[in-house]
């Protein structure tokens, strides 16, 4: 219900973050997630710093991180997040076959999570000391 | 609350599935998830067939599939599933650094999923045609 | 973390509700859910009135209502609720075979719910006018 | 965001599953859930096998299984699943009065699940041995 | 999928509740939540009694209660509930700055809840006796 | 399953964050949430910066922010988070009466969220333009 704040209508503070998003991602547009966060500039600034740090290459590669992001978003039914992070994953090389397997694993995990809840399976000793 | 059904106490039908689990995984034990499902043999048989098919190597490698499984289980707070699939991921090579990054992404996605919900961000045209 | 308030320690207002619970259920004890709600008597009184009305026989029989209660509690991973409502369902005739099928349906629904989320299936015209 | 794959555009493998869905359900159409799963034929085949097995009559009758399916879908807010399984339940005899009671129980369970979480009610001894 | 039942089409029983909603809230209209509940008058009557009691001023002021309501609705992704309770909060004085901070806290809590799940942090002794 | 890392065993980098936590909160101990995050120092550092910023006094007072945190944690059933943020709220003045009302609102919102899902109430025009 919050209208995205376009670049032309944004404050200098917000524009500077939009600029950094476009520079970092090597794109010429900013997606609506950031444009609605612009209604609360401290959140826009803080969340961009978080995403920039967490989603950058590390011990996990960027594509794997996007797959994990989609897995969470599908579990929570966030349609915007599924659309934006599936697009990001495709841009980083996700094939349709991989997307299909991703959803199969997410669905299965949501199933077995509930079977575990319902039967209240005790944690095996073998799993207790990592 | 359901006691795991041990091999010695299991029916021939259940034992055959336990045997296939151990053979497929090249282990000499079966974890409690399967031993509680044994209270309903059709579910034990069916879920083992699902896990065997979905978690086998495909377009996604087995470690990536385990990371996705942990991401869902952390989102849903299934402690048994987190313990068992973290162990499986470690066995397939997950480092503690990777585990740390996995949880960071899962936490962040759960955060931004709610910011999207709260601001009701409209889906960008660019994300609509995959 | 809230200690259950036992009958001996309860106010007259709370005791009257405990009495009504035992009378309605034809039992000589009150389970801990009500004893923790007793920390906030308006909630104890209000929730007992809700449970009494909603769970009484109507167009759905009491066992079916308990199965639905367990389905929700398993989906949400409320261990207390699973334990108490499974016990209530067993008292009303639920067999272990039925419990097994209940969990199988709950698991499957949690799976397909996510496949629908991930593929964003459009609602068929046939489902739009009930 | 995935377009349903119509019969005319489907592969022989997918058509065979669509045919089995229509034959099993005695209908002349296939709903969009299956048509989006067709983007990943192994998932289409596997999930149809699961649904066919789990939702067939057993210790629980088909209507009760549909009510449980709706209860989970309402808890998870899967609008497609609510629409399709409410329609299936109505076809199997669910009245509007029963639908109203179903939603009342689902709502109440979601409420008391959280009261239990918040007060951290300890599980009564009476519920520990089924 | 349930059409709202308008005042003109409502039974006397339903109209009396609509009248009480408008009188209590000092408004001349009833929002769709109540108009869809009117499909099951016992639920309409019962839920109005619950909302009237729980949301009235008490130890927590009405605005704080609305903020809590929005926090839950954002976590669960109930768009109708976010829209209606944000509107109610604004009517009771919520500023856009407060809405921004509310969402920031909700997002953060959803993040740290999962970090706790993933690392399975043991509860500190200091938190055990309230 | 992750052991908290005590001050004596922590690296200089981690100790500096523990010191800042104690200084900011004017306490002489650090709770286990931070001690498990210490397994991944970038997450410890980043999350402490987030919590410090988001939970500090702003347009919403610190107690209200804690109530919102508890509301989310109860909805998600994070027992550690409920314990720690209830303790924080009590320290900031939350009374038991307020805690009772908080849980009543959280429970009710979780109920009505599902009634809205089940009846698919359309958003009123009055709620569309904030």
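Before moving on, here are some points about what is shown:
Chains here go by letter, A, B, C, D, E and F, matching the order in which they are written, and residues are numbered from 1 within each.
In this section, a contact is a pair of C-beta atoms (placed from the backbone, for glycine too) under 8 Å apart; a residue touches a chain by one contact, two chains touch by 3 or more.
In this text the structure is predicted, and so the values were computed from the model without any measurement.
Summary of the copy comparison: rotating subunit D onto subunit E for the best CA superposition needs 120 degrees, to the nearest 5. Put simply, the chain farthest from subunit E by mean CA position is B. For the interfaces B-D and A-D, the C-beta contact count is higher for A-D.
If you average the CA atoms of subunit C and of subunit D, the two centres end up 20 Å from each other. Mean C-alpha positions place subunit A and subunit E at a centre distance of 27 Å. Taking each chain's centre as the average of its CA atoms, subunit D and subunit F sit 34 Å apart. Each of residues 1-2, 39, 42-43, 46-47, 50, 54, 75-79, 82-83, 86, 97, 100-104, 106-108, 110-113, 115, 117, 119-120, 127-128, 130 in subunit D touches at least two other chains. By the touch criterion stated above, subunit C contacts subunit D in their complex at residues 1-2, 4, 29, 31-33, 35-37, 39, 43, 47, 50-51, 54-55, 58-60, 64-65, 67-69, 71-73, 75-76, 78-81, 83-87, 90, 95, 97-98, 100-102, 104-106, 108-113, 115-117, 119-124, 126-128, 130. The part of subunit E that touches subunit D in the complex is made up of residues 1, 39-40, 42-43, 46-47, 76-78. The touching residues of subunit D, when paired with subunit B in their complex, are 1-2, 42, 46, 50, 53-54, 127-128, 130.
Put simply, subunit C touches subunit A in their complex at residues 70, 74-75, 77, 79, 82-83, 102-103, 106-108, 110-115, 117-120.
Subunit E meets subunit A in the complex at residues 77, 82-83, 86, 96-97, 99-101, 103-104, 107.
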